[in-house]
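Next, two complexes with chain A in common: one pairs it with chain B, the other with chain C.
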Partner chain A sequence: MSNLNATDTLETVAANPVEGIDQSSGNFSYDVKYEFDAGTGINERVVDYISGVKKEAAWLREFRQNALKTFQAKPLPTHWATRDLEAINFDKIRYYLSSGQKPKRTWDEVPDDIKRTFERLGIPEQERKFLAGVEAQFDSEAAYSNIKEAVSKQGVIFVNSTEGLREHPEIFRKWFGKVIPTGDNKFSALNSAAFSGGSFIYVPPGVKVSHPLQAYFRINAENFGQFERTLIICDEGSEVTYMEGCTAPKFSTSTLHSAVVELVALKGAKIQYITVQNWASNVFNLVTKRGLAHEEAEIKWIDCNIGSRLTMKYPGVVLKGRKARGEVISIALANDGQHQDTGAKMIHAADETTSTIVAKSISVGQGRSTYRGVVHIPRHLKGCKNNTECDALLINSNSRTDTYPAITVRGDRHAVQHEASVSKVSEEQIFYLQQRGLTEGQAMSLSVNGFINDLARQFPMEYSVELKRLIDLEMEGSVG
Partner chain B sequence: MSSLEIKHLHVSIGDKEIVKGLTLTVQSGEVHAIMGPNGTGKSTLAKAIAGHPDYTITSGDVLLDGTSILEKEADERARAGIFLAFQYPSEIPGVSIANFLRAALQARMAEGEEIDASGYYKQLYREMDLLKIDRKFTARSVNEGFSGGEKKRCEILQMAMLRPKFSLMDETDSGLDIDALRIVADGVNHLRGPELGVLMITHYQRLLSYIVPDFVHVMYDGRIVKSGDKSLALELEAKGYDWVKQELVHA
Partner chain C sequence: MSQASVSHPAGKSLIGNFTEDAFAAHLASHAGAPAWWLERKREAYARFAALPLPSRTDEPWRFSAIGALTVDGFRVAAPASAQVPAPDDLSDLDLAPVATLDFLNNRLAGSAVALPAELAAQGVVVVPLSQVLASSAAGAAAPGSAGEVLRKHFMAQAQRLASDKFAALHTAFVGDGAFVYVPRGVELAGPIVISHRAQGDGTAVFPHTLIVAEENARVTVIDRFASVDGAAQLAIGANDLYAGHGSQVTYIGVQDWSRSTLSFQLNSTVVRRDARVQSLNLHLGARQARHESMSQLQAPGAFSEMLALTIADGEREFDQRTLQLHQAPNTKSDLLYKNALLDRARTIFSGLIIVDPDAQKTDAYQSNRNLILSEDAEANSLPGLEIQANDVRCTHGATTARIDPEQAYYLKSRGIPPAQAEELLIFGFFEEVLDRLQNAELHAALTALIRAKFKVQPSQVRPA
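Let's turn to the complex of A and B:
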């Protein structure tokens, strides 16, 4: 396309990855002339503009406008969260940017510059290798979306949320905003007002999607806010694994990523949701993720947070049906100047429900990691179980870690266990590894990888390789 | 043929001088034993040569094949062929022995070169068999929950895999029962040969009946005060370190 002027603004990729999506190479951007641009700041006019571009139904436009009011009315949660949130200038952010094209179904149709972006990030080689479907979002809208025929024949729907709302309103509307109501928090309200993109997945009863579905989120523009909205519904007895990766280039001003992800696992269904994100160090990453598990259903969040200036994210499961299971596995790495404020929420709302939280954080240099956990088991239930383990690893003496577990268990028919540990990579350990020939960076990297090894083993191969590589890069860079 | 020359070495920890002018040359193929009472600077010597950041070399030099290694980081010295068998090896939680050794070998390869996995495991299993280490060991985290004997055998296994030019063995016999000692000694003897020089630090003569040294040095108060062949070790065992102290006083 002639109006797209692609220039490679930053240095090229370092080492070529062996496999996996090369998120470390995310630090580049292209000059793209956007056909649709909502300008800066958010108000009723901007919300109408977004809704108009998307040709949305009246109910949705109203939903957005109400959400905007909620967003404006709610204060920043600085009474418990970091005051760094005050650095976000909501009036300077651009809320919607799109080059106007519909998502392409074949790779060849994708415009060259966007194609180049995703090719550098390893898509669609990734897709050819093992994915059942992939969706790639460039700023506000999906640029590429493809689902393998076999999966599509089983009745699985995997489209972006705009298309989902348009083509499948009967399923979408039933669950949309039900797991995470607009007013859940200030950022879920902002997302509800400005959302664009994200995935919509529906898996019919009994269908087990054998390969993972994947989405890729890419912020390309400066001062931009990405507000994707994902809704996954697994009907009775079905199973799906969904993986998402995120990157953004390094800009001098901050960028906001504020997603809302809702999962619904109906009776006996299983959803596994995997995130590996590597945001640039000026991204505010404020995401609300929650799943609703019906009877005997299982929802598992695997969440790896690397990069960003501030991440606040506490994936949760509402255990609504008897014998439902919820699990959160969280890995966070906070490097210099970064704050990973992550954790999990487990809301037990039925008998014999079980939940597990394993959170591991690594703080490097001046990095700061915070664990916040909520486990709630009310008095009228019986036979509920929770097991929480949070371990922190400090690399330097000036790193910081805090743990805020909030466990409310009433009644006497439950079993709850909480373990926490803080350890430090000692100088002796580093010397030992260096004496075997590893550089200081390699020594730290091996120690960190050892620390998370038991969790990383649970990941699909491609993602554990990717995670290891990201940690290698972070640790190499942290050695002065 | 390689040489490790320690020349008039002075080493301090903080303000305290521990090694006070030590000179010693080890050639490949030779096994030198350094004996001496506790607190004379034996371990300090080994760690300083290996490049531990807490130990400051205030004067003197250490040359590997004629080139000073003092400006090199610990990992560069290791890759140049210096191996330290630790008295108290660190635990590395979550890192298996197999992955650890692989990373160490990989670190010695040129950029872009990849280790051959099947050849690697072949070599690893061969060395483990020689040291009578159960193959299941490869999956265990390095030194985590190991007994004293397992830790020391693991050190020798690493030495066998990394094939250094010079090995500094720091109190390798400490904490070993007689069976473990024999296995460790067999391992060292197996590695002994024209390619390897050994500097063996020990408090007791016991180890030296299993690993027979070519040279024995007695270290006292940061210096080598007496050198000889293996008979010196026996003499020391019979007369005790006080004998050396006495001699020094009279000298």
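Let's turn to the complex of A and C:
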């Protein structure tokens, strides 16, 4: 019943042609036979349909329906956010698609066309082996997974959202929608109504997951919005690192990606959540991410945004327990036609909680990067600390950057500090590198990589390599 | 037809007692003014009446206690009930003003120090606005005349910090104000001291100060705002500063309204080529005070230094919004706002640096420092940047901290009583700003003013 027109659209987009670099990589779309299709637009019927396909319990169906009402009632937040949001046509978006596959156990069982998609991404043979331990998200359903087996021996539950809420309600229902309530914002409400896919992870007390858990997300049908729902619960004293990365096909009309990611770190637990976002430049990426850190727990968001038309994402940590720690490391790169509106939220709700925000952005061409942040320390707490640093690098004379932090501190027992700076790549540095035989473009690329180097080092190896490659690609053609 | 019945959803009236009848009566008192002045007032009144009060979702009013923003209960000031002596607390401060103007309830109350004749002969003008209006009413104002200068610069810059409604009310009902004009190349040795005072419960005052410094002129103006009594008043003040090429303007604003007053102070500063403006606003009074300050750096070499000191105590709110607008290459701005917070006070600092696409080589700095001395005080900081040129040096910083316990311990161990130690440490905190003043007399005068404030307050306001 698919009326998709997702044919092989391997058009070569040569907006920024550079020798030796295949600009069309990532611009792929294969015809996939979708078994379920909810049509376009969202209403009560579509929500019921999604819930029905997933054979969900009554409470969850009701949760979705209530969320739909909230979504419809809430206005777009254009009183502070960009009016570009008005370009989203919610009626043209496809809210649910599934190829009807059960999550696969081994690489062999993964359908060939999906394997071809991976191939198009240019993942080398060696790395593919490594990625055999990856939970790969293809459209709305997990299409592939096998790290599950390894971690399940430790008692870790690593499933998709449907399975999580159906098979383990006793674990996940308690926190589902609690860190980010449905009505948090218009897009979290939309996600709560239409979510499918995503990862639900539970790590038992004291378990330290040695390998990072990964999931690749990808949008693969025109006008297809993707609404993953992720919930990670780390029980007392446990540790986990989760990575998500995405490259999306390039389509002619705008697509919407609106995920909700909730993290719960119980006493003394540590969660590190890493994102490399490289959606195609027509994607609206409006994501709500928040973690709840209990006593002495630690939540760290490492967030890198390179793609999309508009990204609005402010990972947050609610520091609920004494001595909890929150950290956001954010890298954003905005090229022509892109607006990276990113930042962080730190809500201190207990004594002696500390938070750190380091944000670096690079604006290339007419790209616009925005830092938006909230640091909130309410009354009657003591010994809270926040340190925020925002640095912006402007490459071209018409590049743009904005900084809009909001800091509220009550009481006299805290220390809060915010610093921001805006600069360009020093001419001397470029001159020096050119003297040593580098082209201007290479020199610029090297300088930009240097600018974010201290943050990029915090990524796992393969991500930081990928990041460097992506930045090289973005910087080519930005000078001269 | 009165619009007083049109009420705001929150139960607040859009216009309060500032009805069409009240406006007509006000216009009647300005019968001799030029047509353009009356026309501007009519336009402003229409705008005031039509604009809504700030609402919770208005981003430029984020964190402000908008519930307390109302024009209800206030009416245009009646003439002062009795002769009130001119303020003299600056007279023993060795400031030696070259001229003074004293306004009480929107009317000129006196001019203790008249401008010396030789300065007047050089073309310096320090007079009430009403006098400029009266003298330019007959016929077209000659180019270069005071009337023409007033027309060109009075509230000429668009309000960009969101108090449009209150700015319009100011223009509609402004009765009088100070007009300071310093012609090309003239340097004034001493300051011009202007005092705006309010008397009576429910009084609305609209103080205005217009300063125009022509090429290479140099002038210092001290603008003082105070209540004669402790009554609740509405003060909507505005000052327009225009610094012509190569001029140097120093502006000191001392806001000391009664502690029941709702205060708005709207500043617009235009800085031309190689001109330098230094402004320092000292916030001491009012129940709720919003201060908006906008500097436009319009030509290369322009420099605006924006300074502010606030002592926030009791349950008061100080809401400061600033805009540093770099519109030309090679311009510089430097902002330093310091707030000391006591008791249950709240402060809001929201600053924005905007660098226009062609304003390369901009050097902009913005810093907000909050010193919190009480468990119940609240400081909000929104230091913002919007940069559209790449060859710039723009930084901002915001810190909120307590008194360094080591410093407090040091003073304590020297036997200094806590209240005095606190005062010393606040002075230490403020010193960085006061030190920016090049004039030693000004520095001493402001220090004395702040000190006087501390003497009265601890017993008066703060329960032991």
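Quick notes on this structure:
We adopt the following convention: the second predicted complex is superposed on the first by the 428 of 480 C-alpha atoms of A that agree within 3 Å, B and C clash if a C-alpha of one lies under 4 Å from a C-alpha of the other, contacts with A are read in each partner's own complex, and residues count from 1 in each chain.
Basically, a residue touches a chain if its C-beta (ideal position, glycine included) is under 8 Å from a C-beta of that chain, and two chains touch if they have at least 3 such contacts.
Remember, it's a predicted structure, so these values are computed and weren't measured experimentally.
In the superposed model, more residues of chain A are touched by C than by the other of chain B and chain C. Look at A:409: by the touch rule set out above, it reaches chain C but stays clear of chain B.
Of the two partner chains placed by the overlay, only chain C lies in contact with A:79; chain B stays clear of it.
Shared-chain residue A:276: touches no atom of chain B or chain C.
In the superposition on chain A, A:396 makes contact with chain C only, not with chain B. Of the two partner chains placed around the shared chain by superposition, chain C is the only one that A:421 touches, whereas chain B remains out of contact. By the touch criterion defined above, A:435 reaches chain B but does not reach chain C. Shared-chain residue A:379: touches chain C; no touch with chain B.
When the two structures are aligned on the shared chain, A:450 is found in touch with chain B, with no touch to chain C. In the superposition on chain A, chain A positions 423 are in contact with chain B in one complex as well as with chain C in the other.
Residues 423, 426-429, 431-440, 442-443, 446-447, 449-454 of chain A are the ones touching chain B in the complex. Residues of chain B touching chain A in their complex: 50-54, 73-75, 78-79, 83-84, 86, 89-95, 99-100, 103-104, 107-108, 141, 158, 162. Residues of chain A touching chain C in their complex: 79-80, 379-380, 392, 394-424. For chain C in complex with chain A, the touching residues are 57-59, 62-63, 357, 360, 370, 372-403.
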